[in-house]
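For clarity, chains are labelled A, B, C, D, E, F and G in written order, and residue numbers in each chain start from 1.
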Amino acid sequence: MSDTMQRPLDVLGSSVDKRIIVKTKNGEDIIGILKAFDSHINIWLDEAKIEGEKEVKLGKVLIRGDNIVYISPGK
Amino acid sequence: MSDTMQRPLDVLGSSVDKRIIVKTKNGEDIIGILKAFDSHINIWLDEAKIEGEKEVKLGKVLIRGDNIVYISPGK
Amino acid sequence: MSDTMQRPLDVLGSSVDKRIIVKTKNGEDIIGILKAFDSHINIWLDEAKIEGEKEVKLGKVLIRGDNIVYISPGK
Amino acid sequence: MSDTMQRPLDVLGSSVDKRIIVKTKNGEDIIGILKAFDSHINIWLDEAKIEGEKEVKLGKVLIRGDNIVYISPGK
Amino acid sequence: MSDTMQRPLDVLGSSVDKRIIVKTKNGEDIIGILKAFDSHINIWLDEAKIEGEKEVKLGKVLIRGDNIVYISPGK
Amino acid sequence: MSDTMQRPLDVLGSSVDKRIIVKTKNGEDIIGILKAFDSHINIWLDEAKIEGEKEVKLGKVLIRGDNIVYISPGK
Amino acid sequence: MSDTMQRPLDVLGSSVDKRIIVKTKNGEDIIGILKAFDSHINIWLDEAKIEGEKEVKLGKVLIRGDNIVYISPGK
């Protein structure tokens, strides 16, 4: 690979302070504003909520990376 | 990343001695006062209790990080 | 092994900017254009969608490598 | 973090020779007197028993850390 | 062990460019021609297909090692 | 911790050549005479048998550590 | 531990070229002649077959260590 090749986590780097969707291994969609992430894909969201049968408001939340299936900057 | 970028575990650093919610992989909400954490996201809570169908009082508790889905400073 | 032996991730290196299928451990097929990957097989797709009973459009997505069963450049 | 910050495993350090409850991933409560632990949260209990539908006496027992959800010095 | 002792992955080294069967943890048999592997037992197959209730043609495929139960050069 | 503090695996060190019970993650009790162990808690038993609905005689057996919930020198 | 203490994998070292039983996490018994193993307990068997409701002949097979519950040189 060349040094200028993009890396997967660049998707997150360009999404800080923007709304993202985090799909967890138990099938939940957690939506919030990305504040920070690390190499384990631990994620800090603000204004987070769980979408689903009943919406759950979480506010500020730290999601442990090993529970995450995928992350999308939204549709 | 710049050196001043926030990291996900900063959410925990600013929550020490405050009440947090820990969602575990078996679906329980453990609520308590955060006393300490480490890089594995092992968590020490005081005055902890499990919310759910029947509330269980735990008092002081060490939660092993690999059981944690997310942590929130509360709603 | 000789230094010129191919490595499994070469399949991904030759698929950048091409459409691939990612099979996840929960049985979903996520299809999109491969933009980047790393040694953990974390995958960044563009124009991604989940195929299945109901198609879900994801757009840009980061898939965490430990959820992936296999990746194919398509049929 | 300052050097004097508490660490989560300090909960265990202050519980040696005291009775603790260990919740395992298969939902069991193992109760006993903490004799030793390590950084993997492997736990050695004396006078241990499994509480539940039918109590099982274990006596001395080594619990492998990766099976542990949480540990509490008791209610 | 002597330096000349065989190692388990030698089974794969002698199967490059030959047809192998990969049994995955979800019970599928993926059959194809082995092109490359690494120490994590990540596998690159060509002309791959999933055998089972309904055969699925995959063509070129990268199988992530942690999904693999066993690999056989065939019956 | 002081240098003289006991470690959890000391339970095993004092049980070599004695009969122990190994509880596995699939719920089985494997009973046998402990011959050797390592830091991963891989266990070699002699005269081993699986207790349960139907007893299974194993003789000499190596149990991989990551399948073990707890180990007890017996009731 | 003294330098002369036996280690659990010595069970395998003394079983090379002999018939062993490998119990996998999905409950299968794979029987074959041990040709090689490594520190991850990856196993290469010759003349292997899966015992169970219907016997499956595998011939030469590489079993990934993380699928193995226990290994026995036989009853």
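Note that in this section a contact is a pair of C-beta atoms (placed from the backbone, for glycine too) under 8 Å apart; a residue touches a chain by one contact, two chains touch by 3 or more.
Because the structure is a prediction, the values reported are computed rather than measured.
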Both chain B and chain F are touched by which chains?
-> D
Hey, how far apart are chain B and chain E in touch steps, shortest way?
-> 3
If you walk touching chains, what's the least steps from chain A to chain D?
-> 2
Mean-CA-position distance for chain E and chain D (Å) = 41
Please compute the C-alpha centroid of chain C, do the same for chain G, then give the distance between them in whole Å.
-> 33
Which parts of chain E, given as residue numbers and ranges, touch two or more other chains?
-> 66
From chain C, moving on to its ring neighbour chain E, which chains come in turn until the ring closes?
-> C, E, G, F, D, B, A
In the complex, chain A residues that touch chain C = 1, 5-12, 25, 27, 41, 65-66, 68-75
In their shared complex, at which residues does chain G touch chain E?
-> 13, 24, 26, 30, 35-38, 42-44, 48, 57-64, 66-67
